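Should a chain be cited, it is by its letter among A, B, C and D, assigned in written order, with residues numbered from 1 in that chain.
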Amino acid sequence: MSNSIGEKFQITTFGSSHGKALGAVVDGCPANLKLTAEDIQKELDKRKPGTSKVTTPRKEADEVQILSGIFNGKTDGTPITGIVFNKNQKSKDYSMFKNTPRPSHGDYAWMMKYNNYDYNGGGRGSGRVTIGHVIGGAIAKKLLKTQNIEIISHVVQIGDVKAEKQDFNTIKENVEKNPIRCGDIDAAREMEDLILSVKEEGDSVGGVVETIAVNVPTGLGEPVFSRLDGDLARILMNIGAVKGVEIGLGFDVVNNKASQINDEYIIEDDKVMSKTNNSGGIIGGMSNGMPIVSRIAVKPTPSISKCQDSIDLEKMENKKIEIKGRHDPCICPRVTVVAESSTAIVLADHMIRSGFIHPSDLEK
Amino acid sequence: MSNSIGEKFQITTFGSSHGKALGAVVDGCPANLKLTAEDIQKELDKRKPGTSKVTTPRKEADEVQILSGIFNGKTDGTPITGIVFNKNQKSKDYSMFKNTPRPSHGDYAWMMKYNNYDYNGGGRGSGRVTIGHVIGGAIAKKLLKTQNIEIISHVVQIGDVKAEKQDFNTIKENVEKNPIRCGDIDAAREMEDLILSVKEEGDSVGGVVETIAVNVPTGLGEPVFSRLDGDLARILMNIGAVKGVEIGLGFDVVNNKASQINDEYIIEDDKVMSKTNNSGGIIGGMSNGMPIVSRIAVKPTPSISKCQDSIDLEKMENKKIEIKGRHDPCICPRVTVVAESSTAIVLADHMIRSGFIHPSDLEK
Amino acid sequence: MSNSIGEKFQITTFGSSHGKALGAVVDGCPANLKLTAEDIQKELDKRKPGTSKVTTPRKEADEVQILSGIFNGKTDGTPITGIVFNKNQKSKDYSMFKNTPRPSHGDYAWMMKYNNYDYNGGGRGSGRVTIGHVIGGAIAKKLLKTQNIEIISHVVQIGDVKAEKQDFNTIKENVEKNPIRCGDIDAAREMEDLILSVKEEGDSVGGVVETIAVNVPTGLGEPVFSRLDGDLARILMNIGAVKGVEIGLGFDVVNNKASQINDEYIIEDDKVMSKTNNSGGIIGGMSNGMPIVSRIAVKPTPSISKCQDSIDLEKMENKKIEIKGRHDPCICPRVTVVAESSTAIVLADHMIRSGFIHPSDLEK
Amino acid sequence: MSNSIGEKFQITTFGSSHGKALGAVVDGCPANLKLTAEDIQKELDKRKPGTSKVTTPRKEADEVQILSGIFNGKTDGTPITGIVFNKNQKSKDYSMFKNTPRPSHGDYAWMMKYNNYDYNGGGRGSGRVTIGHVIGGAIAKKLLKTQNIEIISHVVQIGDVKAEKQDFNTIKENVEKNPIRCGDIDAAREMEDLILSVKEEGDSVGGVVETIAVNVPTGLGEPVFSRLDGDLARILMNIGAVKGVEIGLGFDVVNNKASQINDEYIIEDDKVMSKTNNSGGIIGGMSNGMPIVSRIAVKPTPSISKCQDSIDLEKMENKKIEIKGRHDPCICPRVTVVAESSTAIVLADHMIRSGFIHPSDLEK
């Protein structure tokens, strides 16, 4: 089950950077959801490289086809298969990486574990593998939309440049207006400058991506081991390059006493609210009706053109490595859509599990 | 499956704060592991309250019995059941919380989701529920010990007091010497002072708990959705009060460029090493042979004696709440054993899954 | 997960014939189901031996306690633990079976697989292990009752004695009136005679147990691998001594052409019915609204007092074996409650999975 | 997870009769298994219709491509995707079945459950869906072959014509020599005659398919709920048209006393054997080293050209149905490869689970 995730809304992904195709099988999506390839394509386009100076100039067309699961324009309760065929996958020679793992990439572990590692473009360790996440996430987002749930991921920090807090709708608008996918237009400009200067150096920089989901009903999540925060932490940490996950205040809880950050209740317009949302919409492992807020730490892309120390595993001797090519000087803008997709997959799964969406049929 | 975790080494926990018993069924532990109730008891004693001024003065005996799974002093491949019967569970009146959820506790979500919430002592939302984690973790630790794997969790920060970095063996020794379970004796004293002063105020404080596992072989973890970091993040975030999880450098990756933090390889004594361990022992979602390092953000215990705003859910009106009783002014010292147990459960599971431990029999 | 079954309504069982206790943890039962220990006890009493001449005269009190999951007399959404403590488990010397497996029992496979087999009373291979099934099944039956679903298992054949077909209510009444738990009183008498005569010979006899579930809505089961018939076949075949499972006509389909056994549709009182139910209530792996009918082949109890050939595994030499003691000359009457329980567990699971019962709360 | 099966060796299938493609994603196959599309193609060719007079004369090319999971001609530990693109899927008008379910087909349940049923050629309820099983099974068989395990499925009964018992190698040879895939050449001729005469009548006939697996080591299967017999029963009953599953003697146990059918042990050439194999190679839910023998009851293909009673679900009135087209007068010969594949999937899964095959790498 290592390439599947979700209990009721389950995705199974396959494919590698330079293989024939990449894709996802989505099982458990209720019947009667209107769905077209365009719904998926528009999400895939967000993770596509080559769209600005801050990402790799590599061109990847990444056209998705739906091979199963749709009848009369709507899901029919059977597995939905979305697939992207790789093009020009033979474009480059990767043989210098065959026995020489790139520092802070997964190469070394893949080599040791499986003894037959497809080192071309990182194989299944490549960022291209998130095409599967995005296919699943696009369907999840469409499903959640029927319940009025919306999700946005945006960059809130690159290096030492931080975005100002914005409200949900502003973020939604602003992320489409800048290549950083940052909710704060001013910060976005500074972030862009930083990324370009780091790129000049042949280096890379990391950042923080925040995800906010609104209109999530109270009661998603199943203590004690399928808690909503645990399931979110897993899927987010599973994204390559992510080294930390926070919910609500996250690590900042350490700098506060309970009296400063407890979310006190209040009744407004006959509705229960909390006065603050330091819990990030999750208490006791379940959603509490407030926006669900997570943040992930994204490391600098480990592929850099600077010379690094590595080894030759066949000869068992030290060896220098220079990773040429057109790498992302900062992967954060492209990670936003993966974080959004991953969050959507978890929420869709729990919406069905908790009985908010009928498992067989949306119309019921 | 919401109360089960693990694929091959799987624990299922049950019980609540004031019910008859709490426990865990551990399924998938290989046969022929020597195991006694004492092995579990000594771990449970570490999470026991009432042992110092920095925890609640409540006394909980928490004596564990093993009801199944052992034959001739060794596991026999059948499910191991560890159980702790609650004593004096009727000691207190919790009825004031019946319709009034405590801020930043799970009460409100439990009430809304299940419509029949055992509000006594927090029911199954209580910290006592981690007895199940510790039973499972104690068995996992014993199993890992047969493979030379050791794990230690320790407090590295309380409020603004941070511990100095120590080596593994020093931490192991030091945590037993101070009530904070901090690896740095000097910092421990400052932390103790801080906790006691916060306790005086009727408030509470949070902190950071770090877990280090050594001698883990290369290749644990299964990309792309059962990665070792994802599975650790899930189980750690599932611990009550945890709001953030980091692996290796964690959120600090943001403050560095790739050239500063990439873990370069080197061959030493014919063994592959990385010169640094900023990845925290996990690359591409798999262990790489270096120590596995995680950190969790633990929020201040939300139960404080200060007056707080809440609501009466039956009358749907605002209502003040004061949570009397003997609460932990800082839960971090007791969380260490839960983090250690949780980490052990994930590692034991992956050791079997990856074929390092034979699933039916240790002797093979 | 080898001791767990079910996806949403999940039972995990533990314990062995002569260990301290046997039981089940039931996870995923919706909140607000009224439940008492008596609900479970009355089912356990049906599988209790020593109640008639056709079962073993061994006395087993088998008193169940509920240790968790109930609040104010109703389930609260947390795991329900039912437990039976073994009494007098040291009553007999089983050491002659330590290295000598009983023919057609599981002993040999347990010994080889785990290398530490609890041979006392068959260990976890014992029929006593079905106490866990019955605990889970009793809860499942109570849950199904809220949806008007009823299940009855009854003996339809012992050796060459077959019961006449009866309607559901007659079966329900009759099974309580004879020790065979046969729905046909006349056949029951013949069956009893047959069993007693086989018992005289120091031998044992098998039979067929049929299970009928009524009022199951259309649409339970999830093709193509969680079909209702597949899930029933698995849980029924998992019962010790079962060597065959049939749905509807079962193996008799071979003796008919499609035109003779196809279930043609008809509309009666504005409801869709099939004129016959040769499909046994399941088409395409899903329930179709007709009664769900299964049958299992139960082999003769392999424990017989006649001398048999076996081996000494330590000395690796042939050795005769005589299994003394008070064995069931026919296990079928006691298997009925296990088949009923197993069927209930599968139906309860699928009722929740398919959205007919709200997963968190019966009241919604 | 309704379209996935297996714990370690897991297949997820997708696609429908008249959609764009059908296929399977195989996750958990260890690395370093040599695998080509031809390995799968030769199995698919066995289930292909149009190869003899006893199957439908429909032509289906069914060419498989492998889209992922192979590197340098060997599996690389990542998911293997096998796919068959449908051709000419718009060849026929199925609209008469839109509201009129075919008797004893799954149509009615699919319509009720999902409210958007692809009625073209039976949609995902079609026999074509077993293409996914066969893709998974072909890989499983190749994997088992590395451990010397072989599996053969053959027809042992059609209507009232029964095959004589043959030994494993004779069956293997004979099934390739007759269109029935029967291990007994003489019986095969009679079976062929029977099928052709039933076909003349516009009717269909069922049969029994037996599967034998040899060289399976002792100890596959995990009591009490992942027993080998339970897992086989599930996957076999999940095959469309199957209404019964037997292991070993199956329902014939009822006609014997224990003393007649208990499998007594004997030591031969220093190896433990049982003198008979009435248990069908499985005791206590685990393999015992003897050949594993199962039989399934396959119903007559419900699609027949004779006029039948059905209904119009839109108008809610009775309506006659005649199913024209070129249907299989007996599906048994084509079911053999599906039974063989299904058995291989379960055995491959348990070989890995039980530690007989290293989960990451065959070479270890």
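Rule of thumb we're sticking to: a contact is a pair of C-beta atoms (placed from the backbone, for glycine too) under 8 Å apart; a residue touches a chain by one contact, two chains touch by 3 or more.
Quick caveat: nothing in here was measured; it's all calculated off a predicted structure.
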In terms of C-beta pairs in contact, which of C-D and B-C ranks higher?
C-D
Centroid-based (C-alpha) most distant chain relative to subunit D
B
Centroid from C-alpha atoms only, then distance subunit B to subunit D, rounded to Å. What do you get?
46
Measuring from the mean C-alpha position of subunit B to the mean C-alpha position of subunit C, what distance in angstrom results?
38
Distance-wise, how many Å sit between the C-alpha centres of subunit C and subunit D, to the nearest whole number?
27
Using the touch definition from the top, which residues of subunit C touch two or more other chains?
1-4, 7, 13, 113, 124, 219, 354, 360
Contacts from subunit D onto subunit B in the complex sit at residues 7-8, 219, 353-355, 358-360, 364
Quick check on the complex: what are the subunit D residues that touch subunit C?
1-5, 7, 13, 101, 103-110, 112-113, 124-125, 129, 132, 157-160, 198, 201, 203-208, 218-219, 221-227, 229-238, 240, 242-259, 261-267, 270, 272, 274-275, 278-280, 283-288, 297-304, 306, 308-311, 313, 316-318, 354
Touching residues of subunit C toward subunit B in the complex: what are they?
1-4, 7, 10, 12-16, 19-23, 25, 27-28, 31-32, 65-69, 71-72, 74-81, 83, 113-118, 123-124, 360-361, 363
